[in-house]
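So the structure is just underneath, and the comments pick up after that.
For reference, chains read A, B, C, D and E in written order, and residue numbers begin at 1 within each chain.
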Amino acid sequence: MKEMKLFLGPQHPGMHGNASVHMFVDGDIIKRSYLLPGMLHRGFEKQMERKLWVNNISLIPRVCVPEPDINEMSFATAAEKILKLEIPERAHWIRMIILEFARISAHLMAYGGLGGPTGNYTLMYHAHVDRNYILDIFEKITGARVYHQYIVIGGVRQDLPEGIEEDIHAFLNDLESRLVEYRDLGIDNASIIKRIKDTIMLPEEVVWELGVTGIGMRSAVGKEYDVRKVVPYARYDQVEFEVPTSNYSDARARLDIKIKEVQQSINIIRQCLEKMPEGPVRVKPGRGQSMRWTVPFGYAYAPIESSRGEFGYYMVSNGGTSPWRVGVRGASYPQGLLGIEKYLPGTRIDDAALWVDTMGICSPEIDR
Amino acid sequence: MTNSINNIEFVNELVAKTTKILKQEVIDNQQVAYEINTCDVHHLLSVLKTSGWKQLSYLSAVDWPEENKFEVVYILFNWEQPVYIQVRTKIDRENPVVDTITTVFPGAKYYEREAHEFFGIAFPGNPDYMKQLILEGWDDIPPLRKDFDPSAYSAKKFPSREYPQDYSVKDPENHTREKREARKVRGNALRTGGKKQ
Amino acid sequence: MASIELLILFLVGAGLIAYLLTKVNTFLGSIFTIFAVMFVFVSLAAYGFNMNMDTVVNYLPGISFSQTYLGFYFAIIIVFVYLMVSFFHPYYLNEYKYKDSYNLLFLLSLAGILGAFYTDNFLNLFFFFELIIWTTMFLIPQGKSREAAVSYFGFSVAGSVAMLIGIFVIFQNNGNSFDIATGLAALNGTNAIFVFILFLIAAFAKLGSFPLHIWLPIAHGNAPHPFSPVLSGALVKLGAFIGVLALIRIAPATGLFVAMDLPIGQYVVALLGSASIVFGTLMAIKEDDAKKLLAYSSMSHGGYILVAFSILNGLAFAGGFYHILAHALASAGAFMAIAAVARATGTTKMKELGGMIHKMPITYLAYLVAIISMAGIPPMGGFISKWLIFQAVINKGMVFVGIAVFFGSVGSFLYVFRPLAALFLGQEFREYKGVKEAPILMLIPTFIIMGLNVYTGVFPAGILEFINKIIVELGYTGITVSTYAINGSNGILNPALISLVFAIGVAIAFVIFIVLKKSRKVDLMDTYTAANFVHDEHLLHYSVDFYAPLERLYEKQSSWMKKFYTALAEKVKELGKLGKYLFMSKNVATTLFWIVAIIIFLLWGEVL
Amino acid sequence: MLSTKFTPKTKLTKAEIDRKWWEVGDYFRRNSLWLLMYCTGCCAIELPPSMTSAYDMERLGMGPMATPRQADILLVSGYLSLKTLRRLIYTYEQMSEPKYVVALGSCPINGGIYHDSHAVINQLDQYVPVDVYVAGCMPNPESVLNGFVDLMEGIKNKTMNGWKRYHEHYEWYKENQKNSLGEVIVHDEFHQ
Amino acid sequence: MTIVNFLIGIGIALFGFVLQTSIGGINRKIVGRMQKRHGPRWYQEFLDIFKLLSKRAVSHGWIFDFGVIMALGGIVGTAMFMPLTKDILAFTNNGVNYDNFFIFVYLLAVGMLGMAMSASGSGNPWASIGVMRALTTMLAYEVPFLIVVLTIINYSGQSSLTGIMEFQQMAGNNWFLIAMPLGGIVGFICLMGMLGKKPFETYIAPAEIASGPMVEYGGKQLGMLFILHEISVFIEVSLFVHLFLGGAANIFEFLIKYFAVYTLANLISNVNGRFKIDQVVTFFYKWPLLMAVTQAVIVIYFGWVI
């Protein structure tokens, strides 16, 4: 028999999340591979159709576990687009703070996740410490560590608590000072550079073929293709930030961009805290009874820049008390399914876990 | 990236030039929607792709049982002229067939497989569209159709069953009930600040 | 008193009888062969150890014999391997095309071997060598490959020619006498260096050592399964014999490396031996066919023998001689195990096999013991010889040879493990469900070799004392051996103690294992697959490109030698074409002219 | 001659000796619980904080392990789709005994927020015996760790014997699995 | 050679096991502190091992068990030969010490072979890949290490560990770490490789090959492999101490040196990622081998020793 079959996941330490990469291997080179999704399938899109708009707010964060806030944001924006609803100014800024924290948290987790495939667990431990501080801040703001249900249709659920600014500033200063350490432990570490430099390439034509977005796209194309810049939502057009890019997309470049984006997110949060106006944070979204309000007929697609790329909800309302159809565009759908089928072959099994890791594949948003 | 209104006009012209528009909708200043005939989809998408809408953001379907139609949706995006274009087309619900667009957008392969799995839409031309992807051993109508009731399916498939007689461990030493009472009292005491009611 | 001449004549006669018997019934003929070889082995073992053989020649004109410890040592090892292998014949001969003559050729080649080691005459030596080469050449293509026979014959002939020229030089040098002892002693100066080189070419060709190794995997890989152990365990040792003659008996006075106290000639041979070790190891790691893999391992071990004999002291010689024995036993054992597997399954390709341990556990054990010895791990014989060679190398401070020696030692661990993992371990394939353990007649030699492998590793003292006699015979001082311990130049080794301690360790481990809770027996397919379901056991068997990451590092370099020889073969072919064009042309006059011209040149060339 | 100073020990029966050894084993087992790294659902997201520096599970002697053979605890982190459950059962049966199942989140208890979904099962303990439930959606690291402390106490009190239940009611479990899942070991194009 | 010698040998093996298990636990705590956390109890490794021994394992056939027994037996046997100090040694007879260096290298290989056999016998491809990587790593680190040892033995004229120890402790001689600095560095790098510490930890690599050879082990077999691992770490670190750090005159010196070497290796390990397997090979065959050969040439042919 020429080939043997190996599996990366679902029950494998190298796979984050419950998905399985089936690999047909010759020696140590992957010859064919495909992703077996669906282990996290919960029938989300069906569930949403059966729940009230309000109920859905508690359901949607669970679509993508590592970064739940983008779901809330995307859902809220889509509904607001159909409702043609203007939400209070302060709510926009609070949303941005939450979203950027979510981005930092997801980036730290992904960057710490580099510790798994390359074996530098110290990096992972350190990254999770900082991520845990973010979760604490979330808990202070929203009352929950992971599933916040904070960004709702019509604004945010409640205003920021008293004195949170100091906490945020203290944490951001702390984190900023430690980014150097993250670089030293991770992408600037001599032993790790050997693993991530000039491997796991993502050339530009592959980006366009698959439809990869986010860091993968920016690292290959070299242009500021960021939804926050190109199609600004919330008040991203009013803050100054850079979109780090590169023209050579190996694993190291993508991780480097992650760290740079963390820095940019820190800057954005600082600006938000500075520029945030006072005022109400929430308006009542629709007409109808207290809970059973309706949204008029309409279609909308709401793209959000997640840590892995363009994430969006396609929403159809027929004027009822619950959505008629909600489609979720997972950011990792293209590279997760077609990417693994077409471009994982040729890599070595040593790199398979790193491939999945640095391409930014999040299985729950593929399965829904 | 700036002139979003101009971009939308540009798109309007382009689409109108290419194909017959059944319905048109501007969702916001960076998103437009067109409803077109099924037979024009392939052509329109090719034209849009050559004009810069290189990214297929999303492909899925919507079920409209009253009209007895499925509505297939393609969302395209152009990073240089940032306008999201929704292209929608309605197909017969009884015989849902629409040609594949993998020749234009290779990335559509798995979206189409998923649409087939969840709605039962056939995509001739896509070699694998019939294979199961997310569900495993599915034995009912495609789940995202409106006439599928997950609640009934769940009740049928995962009923609550009788446990065997000696299943649960009842520890006579473990005074569950008393403990629960005590916890209630403790909780009340906390809630009322130690005052007895 | 057993007469060596009678033994040889007996073998020739027995060969003829075996031929007739085999024609009637292969099984009968093979059994007769076993008894014939056994008779030779017993008479050799009974009288040879104390040099009690009768060397008087009565019937064969022009042939004379004498006995030496050196010759006897080689002879007894090779006859022993022949004996062991002959047990395999009843089960294999039916598969071969010329099965009638198989036993005849087998016995004839044994006769040649006896003669070669007991003769005291160079011309006889050459004659017996040719007898061996010609008989074995006809044995090899039974494995249905013409290429194997051709390459084996080609390289052997190259060696023989080199040796013949060397013999002529000696003949001239020694006052027109073919006597070995005086002939070697009389050599000096340039002649000595010339003969040294010529003999070494012969030795390298027979040993399959570095520049002349191409035939080894081809011949071994395609030889009949029962003949491969002979080829690797016995016949290759002929090269070692010539190597001993050249390196120790001739030992020309070339310049001296002061740092290592070693003649340059010997040092170059040591380096070539090192190259042989490294090259053999690397190629064996790459190889997919189990028999070819073991063939490359023979090449690597040939390198060890060369290294040992080129370090001129008793310690190294002891290592070298011991290695000859240990490797003969180990490679015979390994090849025999592979042969048993090949008989049961019909293939030796590692990618087609798997899980044979569940069907053939005893064969597996035989292979395991053999490879432990081959990798030089205690408590097997290979450890003793490698230890002695290491001692010698370290003592001389030969750094670069040291790299190769250590590399080969660790590398051997890698390549011998491959057949173990691919053939015997791993998933059990469904196509071999009906396979059974080898029959009892084949298990007898398996057990004997297993036992000897362990014996050589635990109690080497007796054998080393005999080797000491050889070393003294060669004019060097032997090593110090007590009942259990071997004294090296910078340390002492107690193999029996090591084995005992190892046994104690295993006993402790076994006690720990047995007092704990009994394990639950599960199926091989019920294995960790990251929680996925696999139904085809072939997909869970890792045997192809086993060392892929390592192979990739030298993939590009590995085919240089082969390319060189292919190019050489092309050139020879072209030369042949030229000859054909010149001599076989339609014009008779041209042909005649060339023939006459060459005859004139040959006869009166010196005058012209 | 019998010594008069020491009263001869009463002979222990084999069952008693076994129990004594079992208690000794329980001490080691509860102080060194290894988790199986199997993120079945979203509650796995709170596992990294509880494993890494913030809450440091390792001080309880716990740690993640790569394969089911090595692990003691099967951690069901959240909802279970049908596809996962098949693999979960397969994994559970591969683990070496004694083995414990800890179910995180509300979904394994009664289906939680996905109680009416077509893809998510409702009650885990009808398919696999569960020893400890940690409720919450999602449970904080504190409650996760608390669940493990509960498990340790349960091992001490000998109440954590789900794996024995699985042996006793094997037919019942198998029947439930078969009714809900169809086949546990899948034959399809993904698993040739 | 009496029964007492063998009892001392078993005692040394047991001591090695207890020592390494404790120091391993302490090191886990140290590393925990480095990673901003509390870390486990220092005796956690004992708990782990005994827990594993108390569990009911699975077995994939006789070779699966036999390999483990052979591996543990080989390692225990090796440890029995190990001298702790220059006086504490199991097998000594009238001033002749039977602790030849090559016994350790090759008897350790028995353990390796047993484990490899057993792992491959489980029929799991991950295990075979792990074995392949372990053997390849061995090929990588063994050669530079043996070249350095060649230099040491050639220079000191001793191949028994106690002999080498005494040579270093003699007046006028330095530790070989100082006497042959290049060789000492190579020795330490190779020690990292032997211990399977981080840049060279390719054969466990949970994220790549799901803990490699150990993939199918659970219960008592895994427990025995843990014991094997602890004892083999003891052997390897002790080898380094004896070869390069001048051995030990008394047991406390040995403990201090042992602890220092192991902790240093462990700390370096924990801030590094792991190489790919071919990177390990190229790494060892580039600088360490070159350094080892340079050192050997300097010492043997020129006789320059600090």
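Note that in this section a residue touches a chain if its C-beta (ideal position, glycine included) is under 8 Å from a C-beta of that chain, and two chains touch if they have at least 3 such contacts.
Small disclaimer: the values here were computed from a predicted structure and weren't measured.
Common neighbours of chain A and chain D (chains touching each): B, C, E.
Touch-path distance (fewest steps) from chain B to chain C is 2.
The chain occupying the central position, as judged from C-alpha centroids, is E.
Chain A and chain B have CA centres that are 18 Å apart. Chain centres here are Cα means. That of chain D falls 35 Å from that of chain E. The distance from the centre of chain C to the centre of chain D, with each centre set as the mean of the Cα atoms, comes to 57 Å.
Shared interface positions of chain D, i.e. residues touching 2 or more other chains, are given as 38, 52-54, 66-69, 83, 87, 91, 94, 96-97, 116-120, 186, 190. Residue numbers of chain A whose C-beta contacts span two or more other chains: 4-5, 10-13, 22, 28, 36, 38, 41, 43, 46-47, 50, 125-126, 129, 348, 367.
Multi-chain contact residues of chain C, defined as those touching 2 or more other chains: 520, 528, 530-532, 534, 539-542, 546, 549. Which chains touch which is summed up as A-B, A-C, A-D, A-E, B-D, C-D, C-E, D-E. Touching chain A in their complex are the following residues of chain D: 36-42, 44-46, 48-49, 52-54, 64, 66-68, 79, 81, 83-84, 87, 91, 113-114, 116-120, 137-138, 140, 190.
Chain E meets chain A in the complex at residues 34-37, 125-126, 129, 198-199, 201-202, 205-211, 270-277, 279.
Interface residues of chain C, counted against chain A in their complex, comprise 351-352, 529-532, 534, 538-546, 548-549, 551. Residues 4-6, 12-14, 25, 28, 116-122, 125-126, 129, 185, 189, 191-192, 194-195, 348-353 of chain A touch chain E in their complex. On the side of chain C, the complex with chain E involves touching residues 259, 355, 357-358, 361, 364, 368, 372, 375-378, 383, 387, 390-391, 393-395, 397, 399-400, 402-403, 406-407, 410-411, 413-414, 417, 420-421, 425-428, 485, 488, 490-494, 497-498, 501-510, 512-513, 516-522, 524-525, 527-528, 530, 537, 540-542, 546-547, 549-550, 552-553.
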